[in-house]
Structure formats: C-alpha cells, structure tokens
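Below is one structure, written out as structure tokens; comments come after it.
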Amino acid sequence: MNPGWLLCIAATGMVVGMFSAFRAPRLWLLTSLTGAIAALASAIWILKTGARWDWQSSVAIGGEALHLQLDALSAFFLALLAVLGGVGSLYQRGYWTDKTHPRSAPSGRAWWNAMLLNMGFVLLVANGLHFLIAWELFTVCAYFLITRERQHREVRQAGWLYLAASHAGTLCLFAFFAWLAARTGSWELGPMRDRTELAPLFWLALFGFGLKAGMFPLHIWLPSAHANAPSHVSAILSGVAIKMGIYGLVRFSSWMPVPDAAGWTVATLGVVSAVLGVAFALGQHDLKRLLAYHSVENIGIILIGLGFAMVATAHGNAAWGQLALAGGLLHVWNHGLFKALLFLGAGSVLHTTGTREMSRFGGLWRAMPWTASLFTLGAVAISGLPPLNGFVSEWLVFLGLFDAVSARGPAAWTAVPAAVLLGVTGALALACFVKVCGVVFLGLPRSKVAEQAHECGWTMRLPMLVLGAACVAIGLAPVLFWPAIASASSAWQPLWTDSAPPAPMQTLGAFHITIAALAMLAAIGLWLRVKRNGLSRAVTWDCGYAVPTPRMQYTAGSFAGIITGWFSWILKPKRHQHPVKENFPAHASYEEHTPETVLEHVVEPTGSVVMRISTAVRRLQHGRLQAYILYLLIGLAALALLALMGGAK
Amino acid sequence: MIATFEVLLRLLVWLLLAPLLPGIINKVKAWVAGRRGPPVLQLYFDLAKLWRKGVVLSTAVSPGHIAGVAVAWVSLVCAAMLLPAGPSGAPLAFRGDALLFVYLLALARFCTASAALDTGSAFEGMGAAREVSYAVLGEAAIITALLTLGLQSGSVSLTTMLAPAAGAGAALLAAGLFAVLLAENCRVPFDDPNTHLELTMIHEVMVLDHSGPPLAAILHGASLKLLMFSVLLAEAVLPIGKLSPPAAAAALAGSVLTVTVGIGLVESLLARLAFRRVPLLLTTAFLLCLFALLVAWKGGHL
Amino acid sequence: MTSALNLFIGLAMGVNLVALASSRLPSIIRAAALQGMVLGLLPLLLEEKFHWLVAVVAVGTVAVKGFVIPGLLRRALRVANIDREMQPLLGFIPSLLIGAGATIGAVALGGALPLRPEHAHSLLVPGAFATVVCGFLLLMGRTKAITQVCGYLILENGIYLFGLLLINTTPLIVEAGILLDLTVAVFVIGIIVDRIQREFDTLDTTKLTSLHE
C-alpha cells in the first residue's frame, strides 16, 4: 500500500459513485465514503512522513503527459477535501433525499462526486494545462450544484453570477499559465524560484485565485452562491472550494518568485477582507448569506498569515514568517471544519423550517437540541475563542504579527494595524455569532415555522458531530496536528524545517483541556447548587410589562444596529419604514436589508457602461450587405495605409 | 504536590480579594457624597446570601443559561491565573499567554451576552448588543496596549511583558488602559453600576433575569475582572521586575488601591456619557494606547 | 532641553486631537487657546540664553492666543447667542482617526526628511505637519463660523511651529506682526459672526452659498 494506490482507490470510488448515483444511492454512499477515506489516508501518509509522491504516466491528455504529484502542501488541502467530502456525502443522504427532491437529488449526487474528483485533480496535477482543465471542470460542476433549485429566479441569478465571475478569474489564470508556458517553454510546473523575470505573473495569479478564494473586493459572487446552494454544497464550497484559491496562491508563491510588493498586498487584502467581511456579515438577516460573508472574513485571516509569511521570506526568512504561515495554514483546516459545521447546522434549520430568514426563528433549542449545541460549538470556534480550534490558528497568526512588531523591522508598520484589526475582527465575529445563536436558537419562537421545528435525523447529525469533534480535537490537542502543518510549511519554504513547534502548542493544549474540564465541573456544580437551593419558573422580566410576546424580542437587525451604524459608509443598508405617527398606531413597519455594495455600486455601474458602449458598437452590425462591403473596403484601405507607413519606416 | 498547592493558594487569594474592590469603590463614593455608605465587605455578605438563595428562572431560557454563567466565571478565573501576581509571577506563563488572556475575557463575554439573549427580553438584548459592540473598540485598545508592552519587552508572555516599567509612554498607556478598565467593567462614564433603569444600562441589564447562586457567580466574576484590570494597569506602569519582592508586593497593592480609589472618584465626579459619545471615548482610549506604542517605538531609536 | 520641547509639542499634538473630538464650541475654543499657550512658551525653551525680546514675544503670544482671542470668540458666542453643539460634516470618530493617522504619518515623515541634525530628534517638524493637517481637517469638516476660526487658529499654530525652525534668522518683529494680524482678524470675524447671526439666524457657513449672486 502506498499513497498512489490509495489515491487510485479514492478516484475509483468517486468514479463508481458518479455512475451509481442515479440508480443505487446506497452503493453511491459506500463508494464515496470509501473514496474519501482512502484519500484521507493518503494525505495523512504524506503529511506524516513529509515524503513526496510523484507519478508520471505516458498517457497524454491534450498533448501533455499526465504528471501527478502529492507533496505535503497538496496533501494538507487534500485531507480537508476528503473529510468534508465524506461528511457532505453522508449529510445529503438525509438532507437532499430522492423523496423530497426527486428530480435534482440523483444528478446532484453525480455532480457532487464529479466536483470532488476534479478538486482532487486540481490538487494533484503538476502541469499547467491539466491544472486549467481540472480547474474549469470543478468550476462547472460547482455551478450545477449551486443551481439545484433552478426553478427559483434567485438561484438562477446566483448561479449566473458565480459562473460569470469564475470565468473572469479563469481567464486570468489562463493568461497566467499560458504566459508561464511561453516563458519557460513547457507546461510542466515545479519550483522555479530563481527565475526572477517571472515575478510579475504573480499579479495575474492573485486576481484569478483571489477571486476564487473570495477575497474582498472580488467576493461579489460568493454570498449569493453560498446562500442559494443546498447546504451540503454550501459547506463544501465554503470549506474547500474557496480554499482552492488559497491553494493556488500558496502553491505558486512557493514555486515562483514573487514581486517585492506581493506580501504587503496579500496581507493588506487579507486585513480588508477580514474586517469588511465580518461587517457585511453583521448586516445580513439571511442565515446562510451571513455565514457566506464570514467566509470572506476567514479567507482574510488566512491571507494575513500567508501575506506576512511572504513578507518574512522577502526579509531574510524571519522566524515569525513561519508562525504566520502556520497560523494561516491551520486556519485553512479550521475554517473548513467549523464553517462546514455551521452550514450543515443552518441546513438542518432550513430543512425543518423552510426559511433562511433569521427574524422568523427563535427558541429552536427546544426542538433541535443537537443542532443548537453543535451550531453553538461552531460559533464559539469561528469567533476564535478558546478552548476550540479557531483560537489556535488566530493565536499563531497573532504571535507571528507580535514578533514582527518586536523585530522593529519595516514589517512592523503593517504588522501593527494588522494585529489591531485582527483583534477587531475577532470581537466583531463574536458580536455576529452572539447575534446568530441568540436570535436563531435562544429566546422564544418568533413564528409558526419556528414553533413547529423538529430535530434532523442521524444522517444529518452524525456529520455535524464528526466536524464538531474535529474542532474540539484541534482545540484541545493542537500539538498533535503540528507535524502536518510543519511538513506543509516546509514544503512551502524549504528553509523552515523545524520539527518542534515554534510556539508552546503543548502548553496551550493542556491549558485548553483544563479550561474545558473546569468549565464542565463548574457548570455541573452550579446546576447542583441551583437544584439544592430550589428552582422556580417565571416569565422573563420585561420592566413590569404584563403581556410580553415573542415579537418583542430583540431582533438580529437591532442587535447589530450599533456596529452596522459604524460601517454604514460601506454597508449602505436600505431601509423601508413607516414610523409610528398617531397616538394609537395601527400600522408601523420597519424593514432593512444590506445589499452587496461592491456588486451594486462598482460592478453593475461598470457593467452598464460597458453594455452601453457595446450597444453603440452593435449599431455597426445591422445586416445590410452593402454597408459590410464598405467596412471591408475601409478595412483594406486601413491595412494598406498601415503597410505603406510601415514600409516607409 | 507543592506546585498544585501553590496554584490553589494563588487561586484562593485572587478569589478572596476580588470582592473587596467594589466595596472600596462604594466607600469612596459614599465618602465623597458625605454619606456613611455600606461596609467595605458588603459584597462578601451579598455573595454569601445569594449562594444560599433559591433561583427563579425565566420560562424562556435553555439549560445553557446556567452553564453559560459557569463557563464565564471559569474563563475569568483561568484568565486570572495567567496574570502575574506581583513579584511571584503567574502560576502558568508561556509564550502567547497575553493573547489567551484577552480571548478568555472574550469567551466570558460570549457566554454572558448569549445568556442575556436566552431570556428573550428586549432589554437584555439591548444590553448584550451594547456590550459586544463597545467591546470591539475595547479589544482594539487592549491589543494595542499589548503590542506596546510586547515591543518594550520583546516578549508575548504576560509575566515578562509586565516586568519592566512602561517607559516614556507610561502616562499615555495608563490613561488608555484606565479608560478600557472603566468600559470593560461597566463603570461611569460608560455605564452606571447603580442605576436600575433598564434602558440605559449595559452590564447590569444583561443579568436582570439571574438570581441566586448564578447571580453570585456573575457578581464575583465581575469583581474578579475589575481586580484583573487594576492589576494589569498597575503592572503595566510599575517596574515590578526591578523591585525587591516585598517592595513589589507593596507597590502593587498600593497602586491597585490607588486605581480603585480613582474609579470611585471618577464615579463620584463624572456623569454617565450619552451612548452616542461612548465610541468616541473608547476610540480615544485606543489612540492613547496607539500613541504609547509610537512613543515606545521612537524610544528605541532616540 | 529636547525632551522638554518634545513634551510641549507632544502636548500640542494631543490638543489637536482634543479639538477634533470636541463636540461643543466652548471646548474647541478652550483647546485652541491651550494649544496657543503651550506653543507660545516654546521660544523660551528653544533659546539657549535668555533674551528679553524673546520673553516679550512669548508673553505676548500667550496673552493673545490664550486670553485675548478666546475672549473675543467667547464674547461673539455670547452676543450672537449661538447653539453650542456643532453639527460636523465629518463625524467626530472619523476626524479623530484621520487626525491620529496624520499625526503618526507626520512622525514617520519627520523621520524620513533630511533635517538638520539639531532638529532630527525634535518633534518640531512632525508637530507642525500634524497641526497643519488637523487645522485643515477642522476647516473642512465643521460648519460653524466659530469652528472655522478655531480651525484657522490651529492651522496658524502649525505654521508658527514651522516658523520656530527659523527662530534665529527671522526678526521677532515679524512674529509680533503676525500676532497682531491674527488678533485683528479674529476681531473682525467676531463682528461678522454677529452680523451673520442677525441676518440668517444661523451660523452655518454652508448656508453662505446663497450669497453667491
């Protein structure tokens, strides 16, 4: 058994699953899970040994010999893909069943496997042409998964936006790989750090991969696509698909020379994405859209780590760069795990209530205790709070930034604002997830659908449990995961070969275990004390108001109101209100929603200008043959003139 | 064995000393107002009484309501264990514990704010919203203060960071941290711990529906947080590491007392700010810490 | 010597931010007056040996900027019966953050400029830059005539700080002349404020656009 065979099993499992998706859902589940486990095993193998698996075949696709390789960096992302692919497969058995979605479920399973397979290929191929093919196939598969409910206009629009934006990115990547191939004379990819003339190509890669990763302001496609896709698809899109953009950036910043300003730019974009991503999330009232904006935030945190690692490499491989990179890489895993958990939790809520509107929820913990607790666990993790995994990765990035400041180098000027704004991002994320947990799961039901909610089945609960357990495991024993990060970061920068963690992860883990144990003890102790002293129930104190109703509870919009007010310059919330006028008000209403500012105020105006210009140009194409002959003549004359002028020179 | 005993002893000192501070503040306020005021040990009596009392829970709340209080209290206690207690250092010191300290406070905030939303009360929702929103600015100030201390000492561990004096920017840092202390502990001018008008409160309104032992845990946690911030402020400014142990202990005790009396005086002499002015004051606190950082930065070159 | 000088200039830079953050007219007048007094004392610190002319100018500056001009402004405030709250065009927190950014930027810029060695470690140049920017911020971000005057005063303080660089070469009589001009200007504005108030019943300078014809 070696990684090659394991990968072979994984690919076979996915292909067999793809064909059995229509007729034999059980076989599909079995083969998909087998495939995922085999892929995970191969990734763990590589991460543990730090070895590199390389396979060159004589089979040529598109005139290029197939070349696959799995190094620690690919394996790091492959592990995440395998875990989320596995749990997502199981989840959709309960979530998107043949009974509820007879038309879209079977083909959805097939597209699912196709997407997983192609994402795997993106991670494995070492050839520019094949990379582009796999990238495009994975993008298209994702389109078909996003538009599972094509009958809704909103879904179709989201799908189109995704497809259009993705292709803008792919176009840049096409230019990037084509240029690279033209300069190096081959489509083969590999380390070429010494060829400094290739450095400017990084900007093309940054646009293409950054768009896929959803960094601000290229995130325009992300919120609507992630919100309108089925929840297991949202989970894999948010957890893995946008990480493919990160993989591209990490991969090519390690293989290729980068311009001097690249590190600063990536870090700045990261800071902007982090703060504005969470600000936009606070303004949302749609549960899944809110989670989607948090992906922008977390991509920002990852980019801060990567950006400062690049700055460090440019400044003599300072040791704090490794900390920042380790934090960024670990956050790739962490975000994949807790965001998938949150999306699956949101899916369970959506499954039973049929709505994503947060103002209709409330008190769901009664009906869905499992979902509520697991979602809260994910919320604590994504807010970067100890003792869970989100804190570990943010802590590593913070340590990198603090060391960069202490080093008093030129990096400090960016590290100070980055550290402060990373702290601000954490506090904003906390505010946002207190809002989500409070409004969705706590309090009293605000509507009929929330009252009639019920818990999801075990096929949906088990995946969430697995993800929750992974979040707890990374939080409580981070040092166990260090070898994986170490091999990935030394694959990125061969000089960073320390096998010992640069930060006291073991002590942190021990402290986390202590906190968790003490918290549990204290909770039990307090509960016993309360029981002993006697417990009685009464209505919530509402300042003496006699008949409180659930509608009087604080809503998501009012909870976030203070902070969205600070950011109203960019959020530009739209408000429709009929304020109270008369003494005995009959009608009063207030409605607010936060649109996607970049899309509405930048992309759409630009689009309409382009449209206007192209409409004007279209007048030239009117179908009259006589005029076309005139164009021909003018064209010929112009060419002749050009040739004459050229000849004169 | 001895190590465990030592940790327990420190824990006991922290837990027992904390409720003293609100008592001193109230005494100072009473003294300024010309009243006799409650005894300094009032909070101890209150806590003992609450611990024995029965609990009235809202019909709306989840089991997490009580668990949240416990987790918040534990996270504050764990944060206290990271803070060096004067010359003897902290029971546990490692690289990066300063950030753990900040995030443990955030964990406590998550729990109390969620517990407030748990009751479904609009007032408590208001308080929770204010708490988490203003904490954003407070967090920026604390991280900047930590960056300042880290830059001066070249370390990210509280014990080493707090050992040297704050240097030239000490006054700026102290002013910034004092403002953060007032905001994080819900004192005047950010919040009024004495008011009972739900509409205008932050912290007190979040705990309206708690009673009995959980309320005792909340009150004790709040006093512990106040003590932690006072100690942090005192140690950030004082050169604890340079003094002999008895002198350091005396200096620490003296300055914590000064801070406490200062809070009392501020509460007596200032009125509570209008809510729309709160962010401005917190931004000022952040800028004070930022300028302290700048002074520390320039100080290395002059 | 340098540290005392830097302390004073640092104080003046802090006062800039106080002026940007103050929401009431009396407090912004107080800030401008305090800054004027702090900066008025600087010539005494800059000169190695005591010179009676320098002392006279310092005392004059402190008196005019600290007492005469604020007195005139307060009188205008009282006479015209103006609403003391101001409505900023640029919010207090944004102006405070921009002002702080400008201050840090000025310090960074001061480190990068090729200054003469005796000025390299003093905050004179950064302080002057920061004060000028904050003065402009006040002029651009506030609407009332009185705040415009205060912004102008702070701007002038910044220029005065630049002038201190050349204290050995500029005749002090020029300083005295500037001071006199300033007083007259504020005096005239005090009268104008009164007239605007009577004519338009407001001191909002944005309303003055209706005068363009």
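Observations
Every chain is named by a letter (A, B and C) in the order it is written, and numbering of its residues begins at 1.
In this text, a contact is a pair of C-beta atoms (placed from the backbone, for glycine too) under 8 Å apart; a residue touches a chain by one contact, two chains touch by 3 or more.
Just so you know, these numbers come straight off a predicted model, no measurement behind them.
Taken together, the touching pairs link the chains end to end in a line with two free ends.
Chain pairs A-B and B-C differ in how many C-beta pairs are in contact, and the one with more is A-B. When every chain is represented by the mean of its C-alpha atoms, the one lying closest to the mean of all protein C-alpha atoms is A. Per-chain Cα centroids separate chain A from chain C by 50 Å. Centre-to-centre separation between chain A and chain B, using Cα means, comes to 36 Å. If you average the Cα atoms of chain B and of chain C, the two centres end up 38 Å apart. Multi-chain contact residues of chain A (touching two or more other chains) are listed as 566.
Residue positions 93 of chain C are each in touch with at least two other chains. In chain B, 279 are the positions where the chain touches two or more neighbouring chains simultaneously.
The touching residues of chain A, counted against chain B in their complex, run 362-363, 365-366, 372, 376, 380, 383-386, 391, 395, 398-399, 402-403, 405-406, 408, 412, 416, 419-424, 426-428, 430-431, 433-434, 437-439, 441-444, 503-504, 507-508, 511, 514-515, 518-519, 522-523, 525-527, 529-530, 533-543, 548, 550, 552-554, 558-563, 566. Against chain A, in their complex, chain B makes its touches with residues 51-60, 62, 64, 66-67, 69-71, 73-75, 77-78, 92, 94-96, 99-100, 102-104, 106-107, 109-110, 113-114, 116-126, 128-130, 132-136, 138-140, 142-144, 146-147, 150-151, 154-156, 198, 208-209, 212-214, 217, 279, 293, 297, 300. Across the interface of their complex, chain B is touched by residues 14, 17, 21, 23, 92-93, 96-97, 100, 103-104, 107, 121 of chain C. Taken together, the chain B residues at the contact with chain C in this complex read 277, 279-280, 283-284, 287, 290-291, 294, 298, 302.
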